[in-house]
Each structure stands twice: as structure tokens, then as C-alpha cells.
Amino acid sequence: MKHLALRLFFVIALPALLVATWWLASDDSTDVYWPPLRTILTAFPEVWTGERLRDDVLPSVLRLSAGYASAAVAGVVLGTVIGSYRRVRAVCEPVLEFLRAVPPPVLVPVIMLFAGIGDTMKIAVIASGCVWPVLLNTVEGVRAVDSVMSETARSYGITGVARLRHVVLRSASPQIFAGLRQALSIGIILMVISEMFAASNGLGFTIVQFQRGFAIPDMWTGILLLGLLGVLLSLLFQLVERRALGWYHGLRAASLSRLGSPPGRRSRFRVTDRAQPSSVGPPRSPKLSASLEQGGPPRPLETDAPLRLTRRRRSQ
Amino acid sequence: MKERRLSDPGAGSGPLVSLTNDERPGRPRPGLTNAVLGVAGLAAFLALCEAVPRLGIVSAEFFPPASRIARALVTELGDGAFWTALGDTLTGWALGLAIAVTAGILTGVVVSVVPYLREATASTIEFLRPIPSVALIPLAVLLFGTELRSVLLLVVYASFWQVVVQTLYGVQDVDPVAEETARSYGLGTWARIRHVLWPTALPYVMTGVRLAAAVALILAVTAELVIGAPGLGSRIAVAQTSGAVPAMYALVVVTGVLGLLINVGARTVERRALAWHQSVRGEVAV
Amino acid sequence: MQPLLAVSGLQKVYEGSGRRVEAVRDLTFTIEPGELVCLVGPSGCGKTTLLKCVAGLLTPTGGEVLLEGRRVSGPPPGMAVVFQEYGRSLFPWMRVRENVELPLKQKSPLSRARRRELVAEALESVGLADAAGAYPWQLSGGMQQRVAIARALAYEPGVLLMDEPFAAVDAQTRADLEDLVRRLWRERGMTILFVTHDIDEAVYLGERVLVLSASPTVVQEQLKIDLPAERDQLHTRVAPRFAELRTHVYEQIQAAKRGS
């Protein structure tokens, strides 16, 4: 009980302190750009309820969902195809590396040429920025399906759609989720700037309007709302990920503790070194060693782990 | 002879099991073949970019053929203003990245070394991290207009978290035995940071730096594009509004190449740091 | 009577980066229905290569494998494999029950109830009825390998192939698993091809032992194990006949290593 109270204290103390500091420091502020927190918080419900919620927040979120969802589907499908065939992968790799390296925001003016400034443009921008991390991580995940697992599947006649569904995609899912996570932050950025660049509604548009109209407290509420949206979506993602990858986190914890060390305390170098003779070592998933090798420290938070197409080069 | 045979790949059951389909012996020089296939892929991609507008599948007004983009690129390369813009973008990127990396590492180390600070800051970090840095755009405009500082604000905010989080992971990874050994030999806090903590955390930090480098470029270009701070981004915006479509594509290609170079460079640096780390670690920790 | 499994003139050559490695040179042997045959050979003698050729996972360079008179050119439906690397051959995202059930879904149109029945039965036989709802990685190594065996049992294969299945478990678990295989074989009248590098294990388990030579592999000797069908770890292993057979196989393998 005492332990729990202490943890709660740690969770709340600093944020409370920071908010209090902001509140007090800004309380008698007369600086136009830094209005008192009190003013901002009072303005918040007025600004973001009713009409604005329906006309700005909702369209933004819908566009983000549409773009993100289409990127996820396209990324996983294409990534599975590319990852399954060695030659296709070799052909596509340099082009993908280039396309991935283009900073997604420069796609806004390009896609505006094709799609004007409507919803289509924004969804296309979000989708074409989000697709790369999903695609490349899926390629990597599908490529790295364990050889023993795929031989097991073959020997039991698990082929075709069943193999894809029960073996390949499941085995690649930790990487796919890492890609989806990266895509989410890119998606939010693109949602905002596509609206700042050219739009007639949406969160980004409204916030810029406030700024141009020098409605500073309103602008601050917009910044807060964007922050909240980012935190909320990230929480939602973690929730989904924890459900879908429960097995993976369990496996990871089990393998690490079997190697004689509590999770989170084990260097990835020793994990992989010790498990090198895969024929005699303790049971481990090659997935695990792969994800550790490429710099993903063994913590569930680490879905931003660097995953990339070229990992293979390094490990060879 | 016999012994050699036994250690050959494919001869024993051991190595064979660990081979994936790609690496199974029996395919000639996969590295070379892959390079050839990759070049072929690039060539096909360029040919496609040339053919699609020429065949009228997409209007050349929106999507000029690759050759016209290439010509526009050459024109750009001959323009002094282009190089100034490139320099501006790189300045914003490098300066922002440097600030973010320094601040990120310092924060990460301090937070992990000072007792209880890690527990106390965890929730705050988890809350601040997912806040999209583009939310700060209006504030940046108000405070700094189109100055470099606008770019820096966005770049630093976005890349800072990457470095902090990776540093925290890295420090958490320090082997308690190594730490206790160092302590038993009477190493002070500073010496422990220098000889135990830093070498362990370094690869993680490098991963953070690599991620931050990519994010920093994205945000630098975004700031220029949206706010209008001088650089490649604003040059793209100008090309777009003035209808110089091939020039716009050429600039997009430049940002892509820039991103590619940054990725490749960061990976190389990271790999170096990793190799160094492993050899040094053997001496320190064991 | 037609042998259940016939391997004749099997050869497997790996070629790559200018090297040519002949893993298996010329292997010929047969297995009758209901037999338990152990393949033993020096480490690195291509046992796994052989097994993968039999399982249809590798295409032999020469010779052929016949299962019930039909040539094996891909994984045949009537065969199940238990791999050494249980941690990698069980799917970590599926619970034990689903792991056992998945191959059945693919095999033939079995009713859901029948599948459930087979799964429950198989898990019962390996003593893991309680673990059906667990994930494989929540179990010990020995239990995981028993799940893999249960999966093979539920599949009701014509031939069960086991590739050094107990090489990665501790000694006591290993003894238990050996007895489990003997028991299942006797209860179910299965045909088993068991590959191992452990001479004791081969002699203890097998009705017949095939001694392989060093790579490039040929069959060095076939040996009938005339121990009583009722075997147990305590008595069988100290029986004089066991020691004789063991010594004999050991000598054969030493000879194989010297290349005679």
C-alpha cells in the first residue's frame, strides 16, 4: 500500500509541480504571447466545444484515420509481397530507401498539384507519408520469419493463406507494430501541416487562424489540444499494441529471465552472444535476438525501436 | 581434411539449421546479384517516371518526366540561391541536432544518475514525448517569425526526446556487476559515469542520434515549408506557388538525397561506435 | 510387404560460393510399418540433411525417398516432424491448444469437435492436459518439446520424424521424454524415425539402429536391437546386452570417424 502511494506520488509530483509553476509564473503576466494559464484554461472549453469540435476537430481526426488506415493496409500488403520474394526485395530496396528518406512534409505541395486542397489531398498526404515505415518494417518482419518455424509450417502442410495468416503476419507483427507506431507520429505531423498549408477547416487551419488573428489564448488552447490529441492517440496505440503483442512481450520477458537476468537489465550483446549456438542454447526466439541486435532495448515502451531494411547488412 | 569438411557450411546439421532461405549455399554471389538487381530497380523506377507523363497517364503539368526534373535539377545546382538554401537547411538541421543531442544526453544521464529522478520524471517524459512538435509552429511564428530560431525550436523539441529516451534505456542497461566492481575499487561518480555508464549507454545514444538526425531533417524542412524560414522547404513552397513544377520536383529529390545521406551517414557512425564499444566493453566490464 | 518408407541412393550436395559440399553421398535404407528406427552418427554427418530430405523439406540431389510407394517431392501429408529447436518450432503467438490444432485445420476436413478431441487426447498422452491454455514460452523446455510431440501425435502421421528432439533439454527431462516416446510408440503402434547423436539414446530407444558414417554420409551399419520391448531407464541401461550393443555402436562410430 505504501509502495503504491509512493509510485502514485512519483507519477503525479512533477507534472503537478510543472503546472503549478506555469500557473503561478504566468498568473500576472501581461505579455501578450504568454497569457496566464488561467486565461488559457478558461478559454479552452469555450473554444473547443460545439461547432469547432464538429467542424474542425472531427474532420482532422477523420482525415488522419482515413490516411493512416490506408497507409497501414497498403504498407502491410506491399511489404508482405516484397518481403516474401528475395528478388523483388533486391529490386525494390534502393528505390524504397530513397522514397523513405524524402521528408514527408515536402509531399504536401506535390500532392496538392494532383489533388487540389480538399480532403483527398490531405488523406493522400497522410497516407503517402505514413506508408513507408509500415512498408519497410513489414518487409523486414516478413523476411525474418524464423527458418525452423517456416519449416514446421511446411512440414505440416500449412501453406498459402493459412501460412500468411497464422505464421508470416503473426511472426512479423512486432515489426509491423513498430512501423505503425512511427507512422502514427508522422501522420499527426502531416495532418497538422497539410491543414496549415492549405485548408478551410481542421485543427491546423484553426490554430493558424488564431495566431494570425492574434487570438493568443485561443492559439494556446489549440496547442494544448494538439498535445492532448498526440498523447491520447499514443495511449490508444499502446493499448492496442499491448493486446495484439501480449505474446511477444511475454516471450521477451521469459527469454530474458531464462538467460539469468531480470528483464531490462541485460545487455543485448550478451544476450546474442550467449545464445549464439542456436542448437544447444536455451530456447529463444530468433525474433527476439533480432530485435535486440538492432538496438531495441528490452522494454515494452520501445516500439520506436530502430527497424530498418539494412539491418541484415550489419548482422552479416 | 576430414576436420575441414566437418566445419564446412552445409556439411553439419548445425550451420544448416541457422541458414535462412536467402543464405543457403547454392546461389552465386548474392551480394553482387542484389546490387545488379537494385540498380535495375532504380533504372526501372526512373524509366517509369519518364514514361508515365510521356504516355499521358498523368499530366506532365503535374508530374514532369524524369528527364525534365533532371534538367531542372541541373539548373538548380547552377543557381547560387539554391546553395544558400541548402546551407540554411543544413545549418538549421545541424545546429538543432547538436543542441538536442547535447541537451538530450545531459538530461538522460542526470535523470538516471540522480536518485529518484528517473521515477519522478517518467510520467512527464511519457506525456511530453508524443506531443507533436508541429503544434509549436504558431508559437514559433509569433516569437521568432521566420528566423532560424523558429526552425531550431521545432527541430530541438522533436529530436530531443529521441535522444533522451534512448539514453535512458542505455543507462538502464548498465550491468550491475560492473557498476559494483567500479564502486568497490573506489571509483567516484564521475569516473563511474566515464568508464562504466557511458560505454554501456553509447550504442543506445548513437541509435538515438540516428533517429534524431532523421527527425531533425523532417522538422527543419517542415518549418521552412510552413513558416517560410529560408531554406530548401521555403524554396519548394516558392516553386510551387510560382508554378515551377519541375524545379519543385528537383528540390523534392534533393531533400530525398539529403535524407538518404543523413541516414547512411548516421548508420555508419552508429556502427563505428558499436564496434568500438564492444571491444572496449570487454576491458571495462569483465 | 512393401516398406512404409524407402530411401534409396539418396545424395545431397550443397554448392555455393565456389565450394561444393557433399553432405550425404549414398544412403539406402527402409523402414517397415510400426518400426522405431534410430539414426545415429558422428556430429556433423548430415543427419539433419537426411531428415529434411525424407521430410520433403529439401530436394535431394540424387536418389529418392518413397513413402508408401509414392515419391516424396514436397512435405507429404502423412508425415510429421519434431524439430530439435522446440522454442522456434512452436508458434509463440498461439496458446498450446492452438499450436496443436493448427496443422489439423489444414490437414483434412475434420469437424471442430473431432479436432478438439484429437487435441485433448494428444495433450493427455504427453501429460499436458492442464497446459492447453498456456503459451509455449510459459512452459519449461521439456514441456515445450512435449507440446511439439503432442502436435505431431494429433496429426496422426504415417511416419513421425524426430530430429535430435532431446538435444537441448537437461538430462533428467531427457530420460522422461525418451520413456514418453517409447510408451507412445508401443501404445499407438506408430512408425518413428528418430535421429540422434547420442549412442545411448539410440540403443535405448530403437528397435533398430542405423549407424551413419562421417560426411559424406553413407549407412555404416544396420543393427537390430534385441533388448526386451519393456525398457526402463534403471534396468535396461545396466543390462549387459545394452552395454554390448552400446560398445558395438560406439566402435562403429569411431571407425566411421576414422573414415574406414
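Every chain is named by a letter (A, B and C) in the order it is written, and numbering of its residues begins at 1.
Methods note: a contact is a pair of C-beta atoms (placed from the backbone, for glycine too) under 8 Å apart; a residue touches a chain by one contact, two chains touch by 3 or more.
It should be emphasised that the depicted structure is a prediction, and the values quoted were computed from it without experimental measurement.
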Message: Let me spell it out: compute each chain's centre from its C-alpha atoms, then which one is farthest from chain B's centre?
response: C
Chain occupying the most central position, where position means C-alpha average: A
Statement: The distance between the C-alpha centres of chain B and chain C, rounded to whole Å, is 48
- line: For the pair chain A and chain B, the C-alpha centroid-to-centroid distance in angstrom is 16
Message: Rounded to a whole Å, what is the gap between the Cα centroids of chain A and chain C?
response: 44
- line: Expected list for chain A, residues touching two or more other chains, is 148, 278-279
Statement: Going by residue number, chain C touches two or more other chains at 84-85
Query: chain B: which residues touch two or more other chains?
result: 13-14, 17
Message: List the residues on chain A that touch chain C in their complex, please.
response: 146, 148-149, 151-152, 154-159, 162, 166-167, 170-171, 173, 247-248, 250-251, 254-255, 278-286
Query: Which residues, counting only chain B, touch chain A once they are in their complex?
result: 13-14, 17-22, 33-34, 37-42, 44-45, 58, 61-63, 116, 119-124, 126-127, 129-139, 141-143, 162, 165, 169-170, 172-173, 175-176, 200, 203-204, 207, 210-211, 217-218, 221-222, 225-226, 233, 236-237, 239-240, 245, 248-249, 251-252, 255-260, 262-263, 267, 271, 278, 281
Complex contact set, residues of chain C against chain A: 52, 55-57, 75, 77, 79-81, 83-89, 91-94, 102-103, 105-107, 135, 137-138, 141, 144, 151, 155, 167-168
- prompt: Touching chain B in the complex: which residues of chain A?
  reply: 7, 10-15, 18, 33, 86-87, 90-95, 97-110, 112-114, 143-144, 147-148, 185-186, 188-189, 192-193, 196-197, 204, 207-208, 210-211, 216, 219, 222-223, 226-227, 229-231, 233-234, 264-269, 277-279, 295, 297, 299, 301-302, 304, 306, 308, 310, 314
